[in-house]
Every structure is written in C-alpha cells, then in structure tokens.
Amino acid sequence: MVTLVQPDTGDATADTIDRLRAIGREFHARSWSLGTSSNYSAVVSRDPLELVITASGKDKSALGPDDFVRVDAAGRVGDGSGRKSSAETLLHCLIAELVPALGGGPVGAVLHTHSVWSTILSAADLPRGHVRIEGYEMLKGLDGIGTHDTREDVPIFANSQDMVELSGRIRSLFSTLDWSGPRPPVHGFLLSGHGLYTWGASLADARRQVEIHEFLFEVVARGRLLAAAAAP
Amino acid sequence: MVTLVQPDTGDATADTIDRLRAIGREFHARSWSLGTSSNYSAVVSRDPLELVITASGKDKSALGPDDFVRVDAAGRVGDGSGRKSSAETLLHCLIAELVPALGGGPVGAVLHTHSVWSTILSAADLPRGHVRIEGYEMLKGLDGIGTHDTREDVPIFANSQDMVELSGRIRSLFSTLDWSGPRPPVHGFLLSGHGLYTWGASLADARRQVEIHEFLFEVVARGRLLAAAAAP
Amino acid sequence: MVTLVQPDTGDATADTIDRLRAIGREFHARSWSLGTSSNYSAVVSRDPLELVITASGKDKSALGPDDFVRVDAAGRVGDGSGRKSSAETLLHCLIAELVPALGGGPVGAVLHTHSVWSTILSAADLPRGHVRIEGYEMLKGLDGIGTHDTREDVPIFANSQDMVELSGRIRSLFSTLDWSGPRPPVHGFLLSGHGLYTWGASLADARRQVEIHEFLFEVVARGRLLAAAAAP
Amino acid sequence: MVTLVQPDTGDATADTIDRLRAIGREFHARSWSLGTSSNYSAVVSRDPLELVITASGKDKSALGPDDFVRVDAAGRVGDGSGRKSSAETLLHCLIAELVPALGGGPVGAVLHTHSVWSTILSAADLPRGHVRIEGYEMLKGLDGIGTHDTREDVPIFANSQDMVELSGRIRSLFSTLDWSGPRPPVHGFLLSGHGLYTWGASLADARRQVEIHEFLFEVVARGRLLAAAAAP
C-alpha cells in the first residue's frame, strides 16, 4: 500500500484531482453517488494536514478540475478560491487525522457514498448501532482481514446536519476502540439513512473498501430477504 | 440555477433538443424510459409560453433531431411540421405554467419517466394518495431541502387517458398547496401504475430531480421489503 | 410500421443479419440472452415464407455474420451451408405463418429471450396458465393497446423439448383467440421456466415488444413482493 | 469445444493471459469479481500439468500482463518471478487434474467468482449440502445437458482458509460421483458464503458455465422470494 502523500507539487495535486474525478464518474455509474450526494477527499499534505475535497453541491457524474477545494485540518478552505467545501468536510478531516493518530494506519483518501443498500440497512439497524457482517469470504477484502471466519460490526451513527456534533460522536466511539493490532477495529462507518464513510492508505485502497462494503451490505440485506422467504 | 429561457434563436432550440436527446439515451439505458414511454420538454419561450417536447410515439433510446415539436401554452403544435406532440403534452404545459404562477420558482424543463419502482409504488400507495419519503439524507437533493429530518409526500394521481380531466385534478391539488416558502411543497408527482413527473429551473436540475426521486423510490420500496423480512 | 419483407437481395439479408447481431449484443448485455440461450429470426421472404434465424448453440454476445441460417416454412435449412438452425426454429416458423394467417397483422421478426423475471414468473404462474398484467400504463407499448385500463394475459405453455408437440399446443390455443380486432389478443407467450416469445411487423417493433414485456414482468413480480411486504 | 492446450510457446501463453485479463474486466463489471476477490486459471500444459493463474491480491478490474504466475500440478510457482499465486491455487490445480482423471472431460480453464447471489445461496443452503436447480431451460447451457427436465445439485462445501483440507473434501466428494456418462455429475461447486468454482474445456466454455450458473442462482433465489410472496 502506498499513501497519497506526495511532494506537494501542483502536478501531484492535479493528478489526485483527476483520479477523484474518475471516482465520481465510476461511482455515479454504479449508483453510489447520485445527484450531488457523496464527497471524496485525498490527503495532499500530512504536516500540516491538508486535503483536497469535492466542493459543495457538485454533480458527481461530471466533476470538473475546479470542483475541488484545498482545506486544512479544521476544514477551512485555504486556496483563496472562494469555493465552499463539501458540508461534510469536517468528517473527512476527522478521519484523516484521528484514524492514524489512534494507530489505524495511514489515511491517504476518504470516500463517502450513498447507495440504496447502505441507506436502508443503516436506517433499519440504527437501533442496534451497527450492521453486523459475519462469515463471508469477501470480508477478506477489508484491510488486515485474512479469514472469512470473523465478524465486522460497521458502526451506525444517527444522521445529523451538525458536523461538529456528529464529529464529536465519531471521535468518542473511535477513541474507545483498540487500534493497536494489524487489523483495524472498523473499516468504515454508516450514517443512518445516509451512507458510508470509508478510507484507505491510497485512493485505490479506499475505492476497494467502498466496493467491498457495498457488496457486503447487499449480501446482508438480500440474505435477510432470502432467509425470511425460505423460513418454513 | 439558470433557466433554459434563452433568446429564442434556432441555435438555442437546437442545443436544447440535443440535450433532450441525450436525456433520452441516458434514461433508456437506466431503464426509466423504455419502449416509446416517457416524454421530455423544455421551455424555450416564457412570454408567450412555448415548449419543445418529444413527439408522440418515439423510441427514447434513439431520438432524432426531428422527433420534437414546438407547442404553445395550450399544447397546440405551432411549428407547421404536422408532427403530433406527446399525448401528455398538456401536463407539461400545465406544470410549466402553473408551478411558477403559484410561486414555485421558474420551470425550465419537465421530465416524465416510467421506472419499475415508480410504477409499483404508485400503484401500491394510490389508496393513501402519496408515497411518503421521510428521514433520508438524499432528500437534500430536492430543491430547497436542507436537512434529512423532513418528510416529502409525493402525490399520486389515479392514472387517466383524459389529459384535460387529469390536468384539472393536478391543478386543483396544486392550488391548495403553499408555494410561498423557499422549499416547494412538492417536487414532482406520480401517476398510479405509470410514473413520475418532475421539473427544474434547468434541464440539469430536472434531471437531478428525476435521479433523486428514483433513488428514493427504490429506497422506500426496498426498505419495506427489508422491514418485512427483519420483523420477528 | 414497416415489415422486413424486402426485395430479397443478398444485401437486404446481410443488413437484416447485422441488425440481428446487434440485437444479440444488446440482449446479452441486458441479461436477456445469456450463454447460448435465445434465438432471433426475421422474415426475408413472405411467399414462399423464408426466415433467417440464429444457428444453433451460438453465444449471443458475439454473433458473427455466419451464425445464421435461412429456413423455409417447415424450418428446413435451405442455404446449403450445412449449419443447423436453432432447436426452436419451428416456433419461429409457426408464429411467422400463423399469426398473420389468423389476422394478427404482419410478422417481420420473432424474438425469443430468457430473462430472470420471465423464467420465474412463467414457472410460478404455470398452474393458472398465464401471467396477468393489468392496469399499467406501459401496456400501451404493446401493439394496438391505447389505454392502461386493460388486461393482458400472457399465455404460459409448459416447456417441452419436442417442438412439434409444443407447436401443436400453441397452434391450438392461438386458433381459438379472436384476432379480428385492431388489438391482437396476445402479443407474446411464455414457456414455463424458460422465457418469452414475441414478434412485430419489423425487428424494431419486436425489440420494443420484448422491452415492454420484460419491464412488465419485472413490475408484476416486484409488485407481488411489495404487496406481500406491505400487508399488515 | 477446443481445449486451451496449445504448443506452449510464449505467444500462446501471452494470448491466454490477455483473455484472462478480459475476463477480469468483464466479471468485475458484472459484479462477480469485486475488489481483489476471484481467481482465474488456464491450463497451458497438460503433461506435465501447468496452469497460468492470477497472482495473489490483484484488482480484477485492472489485471496487467504481469499479474499472473505459472504453477505446476502442486501449485508451486515455477516461473522464477517471485510472485505469489492466488491463495486458492490448489483448488484450480485439483480441478484441472481431478476432473479429467475421473472422466469428466478435458479442463482447459477454471474460473472462480464471488457474486451476491452465490454468496447468499451458498450460505443459506449449506445445511442441505447443495443448491438444487430443477426444471429450468437454462440448465441446457451446462455441458452435456439437453433438456430442462432435469435437476442439478450444485455441491456446497463449508468455506475454509486451509486449502489442503478443503481440497481433500472436494476430492472425496468428486471421487464418489459417476463421471462416466456424457453429462458430468456436477458442473461446478460452491464454497459457502464465498462463491462459485466452475470450469470448461476452453476459457469460453468456462465463462459460459459461470454465466449459466450465475443466472440460475439468481433465478433460484428470486424464485424463492416470489414463491413466498405469492403464498396465500
């Protein structure tokens, strides 16, 4: 795994933006980023922390090179462009800072998607606080998991429009988890009725973790339907 | 948001038609406009009101430049082409005229689609008169909605082949709604067993509102299935 | 509607074959013609009746110009190529001959597809002998139907590998139907656990009738699931 | 059917690899090989047995020419590249050797996929040891099946990370089956909560058998849902 933290030349940032634009086209086509939903970021500097992130309210199927802003660790737009960053910028900053600080490995990119399955599962399972995924081979697609014989409880946070309040809840939960082992305690989280946040050391890793989570959400949801149908 | 009301040169109309043709190819590929179903219009003059609209009975996957007609506020074809406008032209004219007149903001384009989910939800929920969508983040993709913590009741009208009668029912309901706030009371409506009408200030806005409604219909329908399966 | 019956030059046949190949690529991509399933034909001569039809056992995603044979009204390959026609050739010949003879309008093309929804609906509803489709606007996409306020019972025949026996059952049922009106009594039929046969005056018409039937089968099946989920 | 066993020139192997890469792109697009899941192999020498197989941990949507290794009958990488073969290499070797040895015809390619439907069906039906597929016309897409009026029980093995142990169980079951007739007793098998293994004399045959199995898994699963919904 290679992180996206590169010598911060303009070219490297432009390349990162091109790859985020490709993510937008792909995720829109896969129905994970419809309308102006979703936001994507990549870490372009680690010290001090800086991210490029999708600007607010953009159609993800047609992101242009100017549909991104550069923000600092507090989510402040520092590129003088006057563009507004995505409303959920604070969550990207939180993940990019908190996960490595807790020992969860480098974070080079954060992806947030809104699929049908993540929307309905996160709404249905909010009362129990997580979506439980257990026993599936595809779990091995998540970082540090080497067997199907395991369980991943994807945390669900009640949705909120108050990013400070929501960040606080995420920080509180994440701080109680054990990030010391080779396998992160969680690989993403859900906002109820909203969608998935996941991340990776590189943009390719984050994209893979989206793909794996989405597959598993569909498996869990369809598996419940099948179990109900097959029950005598 | 920019409306489609442009200086009405032939070029502007040709460009509008090109974009409506692209909508047809896209919506056919997404299974929202199969066979000769669906119709699309754009306002090309506001005073007097004139729209370009798909001609009757055309395959939406392969609309040609001549598969459109220009109609006035009463739905009359005024371009001397002899082509017949879509059977549902009156509904497009009604929306283009009524929604702004009631204070619902400019309407630059009206899109009508026939998806599987809108067909079955509108049939199932006709007795209660609407499809209720509540608590989902994706609602923020509809004009003027800024929080997930809200409810959208998409009205359902019993289907009819009599457009005058049907227009009357829509006009009656719409006239009782409060269009004075920044958020329109509805963003579209359903015909039972038939499909969705929605609109926007521009064609891009109307396309986004189709995408958001369709996503939410799928979420509502699949959410019911999951809820039924998970019930003990 | 224009039939495919053209002056039977080699060029016209080559063009027909090109269009059947495009149908194969499209239908495979839409999951209606997987593996070597499905077969497609077009009438290239009416008097005497001759069809071009897919050869037996070909991958429908990659039909070549030589993957077709020319057959007479009895399904005999008459082009000296030594190629074998599709096993279900007799059903194509039957439709091309019987439907017009009964007054059901010209038949220029016959398409047979194997979708998931047609497979499971035709198996589930075989005991009642038809799939009932009622009240949906999309029914207007079938030839001669002008209102949603109607019912289409798509006949289901028990599947068989004996095409002579099966043709006899289809002929028997079709001969009892009233084909005298502007609306055909049926627009296609199902073989149980197998798939759909439909037709049209032109290949474009037959393709549209496939698309409409498939949409409606999905609507009927998903509508049942939704109704069961929503029941108190 | 033509096997892939060709004079083992570098060109032939390069061509085989190109076709395996195309399989990866296609299967990723069809959601059968997400993330780094799945693995594909082709026999490039029969005596001694040698396969080219996907290297471990590669993204199947973007396989490069160097993302393959050459292994012998025991799964040992013999090309001096230092690359690691897929974790499940032993299963590919087992199939390539055992199935022909038992009389099950030549095996030129082995494909392993992870779809949603195979994942949930193999988990749901593990207690009975197989997924039963019965009465569907599409069964004729499997090698040696000439009628819908038949039954295919696709064996399910409990998933394991121990390939030696798992190979032993597969070998035990396969050795008890009757491979002497024109129709193989099974055409593939499932690992529970994991996915499908199937094979063919050529890569095209193996691809077709994936397509047919996947279609039938979807039919079986959706058919159960429909049956439950339609039950009174």
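Per-chain numbering from 1; labels A, B, C and D assigned in written order.
The criterion applied here is as follows: contacts are C-beta pairs under 8 Å (C-beta built on N, C-alpha and C of every residue); 3 or more make two chains touch, one makes a residue touch a chain.
This structure is a prediction, so every number in the text was calculated from the model and none was measured.
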Label of the chain whose CA centroid is most distant from the centroid of chain B: D
Chain A and chain C: spacing of chain centres that average the CA atoms, whole Å: 46
Intercentroid distance (Cα basis), chain D paired with chain A, Å: 33
Chain A, residues touching no fewer than two other chains: 225, 227-229
Chains grouped in pairs wherever the two touch, ordered by label: A-B, A-D, B-C, C-D
Residue numbers on chain C that touch chain B, as the complex places them: 135-138, 140-141, 146-149, 204, 208, 211-212, 215, 218-219, 222-223, 225-230
Chain C-facing residues of chain B, complex: 31, 34-37, 59, 114, 116-117, 119-121, 123-124, 159, 161, 191, 193-195, 221, 224-225, 227-229
